[in-house]
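Both complexes below contain subunit A, partnered by subunit B and then by subunit C.
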Partner chain A sequence: VRLPVELLDNATGEFVEAELFDEITVEHFLETKRTWRPLVLQARRKLLARGREDLVPNYAHWDWTTKEPLLQMLAMKFFGIECGGKLQGIVEIQMVGYECRVPTQRGRDLVYVDYLQVAPWNVRLLMDALGKPTQFRGVGSRLFEAIVRFSLDEGFKGRVGLHSLPSSEAFYTRECGMTAAGRDRAKQNLLWCEFTPEQAQTFLTGGAR
Partner chain B sequence: MKMSNDREWLRKRAEQEDRHFVSLGVLTSPLEEDHPKAEQSELSTVGRKRGRGFGRIDADRKRSGQQPKTSKRSQS
Partner chain C sequence: MLKGRMKRMNQQRRTMTLNLSEQEMRVLEDLSTQKDVNKTTLIRQALRLYQLVSARLDRGEKLFFEDQKRKKAELMVL
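For the complex of A and B:
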């Protein structure tokens, strides 16, 4: 998959062409470690120094390079977005092992979102901490759109499930319109969020809340 | 797969995204950043008692063709 997608350039307010792709390699993982991680940690330190622990993201420790073995697995899939020659966001999904939990869909297969991360220079909450503007807007939404469209294409009818980090719960439930279906004690007590086919369509066609 | 070319949709989503973190994955532990040796195992150990089962969860998942340990037990 290699598809043109648009993002918003924060500096100009214009739409810019980016590329969604699924040929993720270990080089992309290394790029996140080399260029994303230092910035996340830098922002984290600034926020902590200001006593804003509430704004510290829950993912400062992630290391995508540990995921290299997963690149070979058929049940796993990765999407990335590149713009300006740089990786702007990446997501890992899996097609087996999880089922719907929302009563109307219970037991049906879905696409599970394992990891999703946007480059720190596109995350306003982080760049605000560093006193810098963001570069591109809408990266996370594009990645999430790709997941929903993949779910539709692969016969999951738009069903998507995920365990939300506390810092992301409001985005997936309030903004995207996913159903919060309880905390999962077996998964760090994270909140299980799910798209029914109808909710997925609403997300794609504009309505959120 | 066809992605949307609706610019208003993207504008609206970008505004929403600006107000939140959107990242997904395992929960962090504040200890991890200061323990470089833990980095290789952190994806499996965060939220669990340190020193037990490092790397085990991911390894189990790989061997079993991606059957996450949470799937059945937690669906009630």
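For the complex of A and C:
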């Protein structure tokens, strides 16, 4: 099943129709390797040449093709967004292995966001490094909304948790309204962010942001 | 934007009757309360976990639990 979602086309300032889907295949992983990775590495080289190692995205080394075996697992699920025949973003979530850490929800199951990546041509930091404009806005937000709605539909009541990369902390805590529940020494000291059912509802009704 | 439409992705479901003993049902209900999920979600979680653990054991990996004192104990999965 594919669902229509809207993305903002930065070139025209108009919303365009894209598709959210969950039938991710190895072909999509290969597409990230073929079309995303060269741009990420090119931008990384430019940033390093300018001495801006601090701006190199933490996901520069991600390789989605290693995730092929996970496509068979019930505990994991993938969503993607396509527009103009190209993959614009992809996310991997897990339904087991992580629990809520916010005191009011402690020990309850949640949907854990393991990896979320937006195509490099939609990431301002990378396109700035390459001297090019970004294409679409809203890919990450639409994927994140899909995760929260999936959590509701699957009986987790909107509970979502993730370890945020440093570059995304402001997005999850300020724009989405997740609770920052401490840094995790077992996970590269990344910030644990979590949605309670109430926060998820607020997010979905547009209360956060 | 996706309100009310995400369920379409999960529509192709099949229904079965599950027979449980009194004790099994009590455990299911207790865990559902503890985890704040309904019984269907809990059973589906159990299936997800069982498949994941089985797949990793089949690959030759081992399952360990770790207590507060960081002492590991291997868990036998039959």
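Convention: the second predicted complex is superposed on the first by the 207 of 209 C-alpha atoms of A that agree within 3 Å, B and C clash if a C-alpha of one lies under 4 Å from a C-alpha of the other, contacts with A are read in each partner's own complex, and residues count from 1 in each chain.
Operating definition for what follows: a residue touches a chain if its C-beta (ideal position, glycine included) is under 8 Å from a C-beta of that chain, and two chains touch if they have at least 3 such contacts.
Just so it is clear, the model here is predicted, and its values are computed rather than measured.
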Inquiry  = Applying the document's definition of touch, where does A:Leu204 land relative to subunit B and subunit C: first, second, both, or neither?
reply    = both
Subunit B versus subunit C as contact partner of A:Arg108, first or second or both or neither = second
Request  = Determine, for the superposed model, which of the two partners subunit B and subunit C contacts more residues of subunit A.
outcome  = B
Ask   = Looking at the overlay, does A:Leu20 come into contact with subunit B only (first), subunit C only (second), both, or neither?
value = both
Query = Counting only touches as set out at the top, which of subunit B and subunit C does A:Glu6 meet: first, second, both, neither?
reply = both
Query = Can A:Asn58 be said to touch subunit B (first), subunit C (second), both, or neither?
reply = first
Task = Check whether A:Met73 is in contact with subunit B, with subunit C, with both or with neither, and answer first, second, both or neither.
result = both
Request  = Examine A:Gly155 and indicate which partner it touches, taking first as subunit B and second as subunit C; both and neither are also allowed.
outcome  = second
Message = Just to be sure I follow: which residues of subunit A are touched by subunit B in one complex and then by subunit C in the other one?
response = 1, 3, 5-6, 20, 73, 75, 96-97, 107, 142, 145-146, 149-150, 153, 204
Message = Per the contact definition, I'd like the list of subunit A residues that touch subunit B in the complex.
response = 1, 3-8, 15, 20, 41, 44, 57-63, 66-67, 69-70, 73, 75-76, 91, 94, 96-99, 101, 106-107, 112-118, 123-125, 134, 137-142, 144-146, 149-150, 153, 162-168, 170-172, 175-176, 184-188, 190, 192, 204-206, 208
Task = Give every residue of subunit C touching subunit A within the complex, in rising order.
result = 1-3, 5-11, 34-38, 40-41, 44-45, 47-49, 51-52, 55
Remark   = Listed in rising order, subunit A residues that touch subunit C in their complex are 1, 3, 5-6, 20, 22, 72-75, 95-97, 105, 107-109, 142, 145-146, 149-150, 152-157, 204
Query = In the complex of these two chains, what residues of subunit B are touching subunit A?
reply = 1-14, 16-29, 32-33, 39-40, 42-43, 46-47, 58, 61-62, 65-71, 73-75
